[in-house]
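In what comes next, subunit A is part of two complexes: it sits with subunit B in the first one and with subunit C in the second one.
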Partner chain A sequence: MAGPLQDWRQHKRPFAAIVSAPIFWLVLFFLVPMGIVWLYSFGQNVGPAAIEITGTLDNYKRATEWLYLSIFLKSLAVAALVTFICLIVGFPVAMAITFATEKWRPWLLLAIMLPFWTNLLIRTYALMMLMGQNGYANKGLGAMWDGASWLRTLVGLQPLEAWTPVQLLYNNFAVVLGLVYVHLPFMVLPLYSALDRLDKSLIEASLDLGAGHFRTLMKIVVPLAGSGIAAGVMITLIPALGAYLTPDLMGGTDSQMIANVIERQFKRANDWPFGAALSFLLIYAMFALVALQSLRGSRAKVGAH
Partner chain B sequence: MSNTTFGGNKLGRRSLLQGLGVAAIGISFGGLAGCSKPESGAKDGKIGGTGEEPKLNFYNWDTYIGETTLADFKGASGVDVNMTLFASNDELFAKLRAGNPGYDLIVPSNDFVERMAAADMIVPLDHSLIPNFKNAAPEYQDVPYDPKRKYSMPYTWLALGIGYRKSKVSSPPDSWKVLFDSDEYKGRIAVLSEAGDMFRLYGKYLGKSVNSLTPEDIKAIEAMMIKQKPNIKAFHEDNGQDLLLKGEVDLVLEYNGDIAQIMSEDPDIGFVIPKEGSQLNSDNLCIPKGAPHPKNAHAFINYLLDAEVGKKITETILYPTPNAAAKALMPDSYKNNQAVFPAAEVLAKCEYAKFNPELQPKYEEAFTRVRAA
Partner chain C sequence: MAEPIIQIRNITKRYPGSPVAAVDDVSLDIMAGEFFVLLGPSGCGKTTLLRMIAGFEIPTSGTILIDGQDMAAVPPNKRPVNMVFQSYAVFPHMSVEQNVGYGLKIAGVRGDEALARVREALELVKLDGLGSRKPDQLSGGQRQRVALARSLVMRPKVLLLDEPLSALDAKLRAQMQFELSDLQDQVGITFVTVTHDQDEALSMAGRIAVMNKGEVAQLASPSDLYEFPANRFVADFVGSVNLFEGKLTLDEPDRAAIDCPGLGKVYLNHGVTGPHGADVWVALRPEKIYLHVPGEGKAIRAAAQDAPDEHNLARGTIKGMSYLGDITLYDIKLDSGAMIRVSRPNLSRHDQEDFTWDDRVSMHWRADSPVVLLS
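After this line comes the complex of A and B, so read on.
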């Protein structure tokens, strides 16, 4: 082949050869199925297994009722909280990896990626075993409680009341914790890649010129890592918004998220058109988020020039 | 209502999806690993006693067959049974509505037999190939959800009730009140997440038939559910027996067969069908449309209905069996187990739920409101 592909306009044929496979893949396995689901959202059930595409907007009308909008908003709030916690927890981790010695860095990165080697379902069940009523977390807390009680008797005080297990599972706390646990690597990796590229002499300069550590972090590191933070936020927020397994398995009676409602339309309710309409509302919301982000990014670029 | 149809003639999504072979929204319609596709005629001259290639694709529930049943059948007939598992009727239905991916035999519950027959997804059975049908108890030979057993053969039956930890309750919970309308066991209760079952059982508690609920009833029950919600710990996905066994909850709404399985592990577990009556379910053997080996499937159904074979299956799964001849061979510890076989006067108040396409979305929406409240 002739020369490196610096500009695809000069090398149309090799470019077409390379790009056709992914485009074919994208069209056949993404756009076509999504197009069918999109069509369903304008249809209605005419039998247990038959849908007629009638062009009706009833599904969207129903999907924008307050009941479903409130579930959308709740899911968005949960996803935002998860993203925020991931950012607060993930940022120091990414910093630590960036400033770790060359010898340690690959191992720390490996530790971040390690969870991806295990299926999400298995990780979730493992977390549930840990957090259950008679799980290891409660056993550990119970042992500490008993120890404290024993220490009190040593110094002549009344022993504490018997330990009652803490309710860790089947509530909204469990859902947020489970989602943070699952999404943390998605936040750390883009943050790390942004921080790694950061010119460290700028930090030294800031410190030399009298700014404190916290001020240096807020005025130098965070703005320079802005693109990484934005990428991390999007890559965490969007999957968290569509989370379905975690609220299903770890949530309590009021932990349903929009993806659970969608899943039920496709399975139990057997109402595919309505499920399709809900799915597309979710997709549009995600598009809006991405568009907002890229708009912000392009404006920042224009401002810099 | 049938003005604009998609693609000229009425094209169900089934043919549409089948033609394109796509997967949508996380539900896989994909081909089954290890399942043979329908083949025209047997290859390699390998022909079993039925004139078909000696293979059978069996789509079953988990823990729902005897330990040696499949191997025994291969020994008896030479047919290789390839069993794959599904976890809910919804999963079964979702997989098959996009076209049969190669299954020969499925095990839907009663209301799904009705639904799949209505959707033309299962084929009528040839009773002349199933002489062991005579082993079924008379009440299972003709059932309201499948008159004259046109499409299905009885495999097991089950009833919903309350599984509980004996040491944690003041008295056996013999009324739905403890689950539906009381704060006595606050935070120690798990109920089903299946909207239809929940509404129907609330109806039972209110003294109505499971098949006579009206939109007004649904509204009233929804208000009751919202009121009771703070006392409920979790809506479980038919894994209530695990929650009870692990001590996550002390009372659980579950099927008798599931609780019977853990009663043999933990003597502190009890089961009761509430005095108001309950909802019955029955799992049935059906042949889906487009099955590649229907003759083998008939032979296997007949084999499963055999008394000795049925006994071996029942010994493993411990579910109530509708096979009278197999039940007769079981030990008294099974026949007299109150959890497996509730007393006749309790059973008399239990009903099968009919497939109701109008009410199901209403149940779902009301339950979504309950969860969002």
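After this line comes the complex of A and C, so read on.
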């Protein structure tokens, strides 16, 4: 069974030939720029376009001031809420795909992945058109309101006062909704892959032993989909935490998230060292999340054996 | 064996998009306390029938009564039956005890009683002491015992077993066949087992329903099934058999004769009640044919005086041999050109050396050995 590439320790040269190009790419275009930004976070502005790396920790001190820390914590709260909603919405969707017939399943998976074919900016604008003051959501609500008003006149009651459009955009609600919309596929796909691996006879066995569907879901399906839930939570939470476009376009003045603050430092404020420090604070937080997750994972494995 | 516990009435199951019915108008009774086996090749509808009893498949038409109660509107979690799944379906995130106690907890059995019943069930399947293990610390055979205990602890009226032994190795399978029979004697619960393995079915069952293409081909005890198959499908599926086409030339209450172009003249010491000249098939089991050196067969057959001259005799040449230890199988080309299989017990250590490839041999069989099949 051992092919020539099965064990790279025994076949160093073909392995090196294959991996050197991507490693070169990653080092040059990912690690090196990241390193430069990391160094900037310990520097200070000495001119409009000159930064000196002085090893100062002032940027980090400023970044942990309450003004910024509160935005940071709020971003975390928004990302957590978005992740939670994605999980609640995504789980039934993943279940539906898992239990769909062979004929339907690829089409449903395609429907989940279809949004990836369109640029995020365009998707966000499309959502904004739907949710605007004169968008279809408000038009639909208005039509229902008018209908209700008309029904009241039918039974001899006073008609309702004129419909005032609901403010759907440019607030925290819009940000959460937009982020849920963007991140739902990231949740559904790992959940689906975990549920798809689940032996369906386990569900039947639970029913057979007298459990109802809800108990079967909570006691059998959810615990056994744990790895998928953990994966889905991680790959939803991390990009949601660093979300920039959605709060920028759909949020109000009070809905800015940490990425918007970072962007301002690099552009309008022209304070790259402080922006770099904020960026790395976010990266450290994500590292902590991933570390926590893998610690939990390894402990679960130890517990199983 | 008094009352039927399961009554299946004209059950048909059609899957959408499939031209043939998976189960086609099956009616049968399963008696309280019996070990009932559904036997058949894959795709014969046996598992579908079992799953309809459990409630996982909904019949297209027909009714299933369990203990006199119509099951049509009863979901699987409310039926008085439990199932042991082919994959065992032991919950991997629960310990053995938690697995066995799962159904009891739902049924509202708690505390000391639940503990005692779990322990009793684990003892029954010889898993006492392993209650705190996780399923991934168990062997395949042990996992199956967990699945058994988990179902038995519920004290169901009927225990359904879907291919219970198919995932075990041959030695363990033989052992579990006996254990399952013993267990069924001990607990007195009706067992309904699905299998494609005829040895398994013959060794465990009280009665066997052989299924073919969604229909019951024959329902009988293991020995009746083997010795008196109702048709060619059953004769061929249960055990191995030599089948020859022939014409009925004599049919009286106490004797019958069939002229088989392939085998020769066959004589039976009982009637078959078929029309004279009808096309029939003669089934002859390999172990019911005696093998001799040329000429000897005729003499022995004549001495037995159980058939007229030139009946129940054949001659041929050995074309194949397989030595299986306890028996040796011979594939013999008859002088008619047809092939016949004969098995011969190795009663002494050198019996397998008596015959070898290309040897001329004669054969005879007793007048009560052939089975005449009309379909």
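Methods note: the second predicted complex is superposed on the first by the 302 of 305 C-alpha atoms of A that agree within 3 Å, B and C clash if a C-alpha of one lies under 4 Å from a C-alpha of the other, contacts with A are read in each partner's own complex, and residues count from 1 in each chain.
Here is the rule we go by: a residue touches a chain if its C-beta (ideal position, glycine included) is under 8 Å from a C-beta of that chain, and two chains touch if they have at least 3 such contacts.
All of these numbers come straight from a predicted model, not from anything done at the bench.
Considered on the superposed subunit A, subunit B and subunit C are sterically compatible, since they fit side by side.
In the superposed model, A:G210 makes contact with subunit C only, not with subunit B.
By the touch criterion stated above, A:S201 is placed in contact with subunit C alone, subunit B being left untouched. Judged by the touch definition given at the top, the superposed model places A:Q167 against subunit B, while subunit C stays out of reach. Contact comparison for subunit A: of subunit B and subunit C, B touches the greater number of residues. Of the two partner chains placed by the overlay, only subunit B lies in contact with A:P33; subunit C stays clear of it. Contact with subunit B, but none with subunit C, is seen for A:Q256 once the two complexes are overlaid on the shared chain. Touch criterion met: A:P223 reaches subunit C, while subunit B stays clear of it. Between subunit B and subunit C in the chain A overlay, the least Cα distance found is 43 Å.
Contact residues on subunit A toward subunit C in their complex (touch as defined above): 199, 201-202, 204-212, 215, 219-220, 223-224, 304-305.
Contacts from subunit A toward subunit B in the complex involve residues 28-29, 32-34, 36-37, 39-40, 43-55, 67-68, 70-71, 74, 132-134, 167, 169-170, 248, 252-254, 256, 261-272, 274-276, 279. On subunit B, the positions that touch subunit A within their shared complex are 1-6, 10, 12-14, 16-17, 20, 22-27, 88, 90-91, 93-94, 97, 115-116, 118-119, 121, 187, 194-196, 229, 232-235, 237, 246-248, 357, 360-361, 364-365, 368-369, 371-373. If you check the complex, the residues on subunit C that touch subunit A are 54, 56, 75-78, 81-83, 85-87, 89, 91-93, 102-103, 106-107, 134, 136-137, 147, 150-151, 154.
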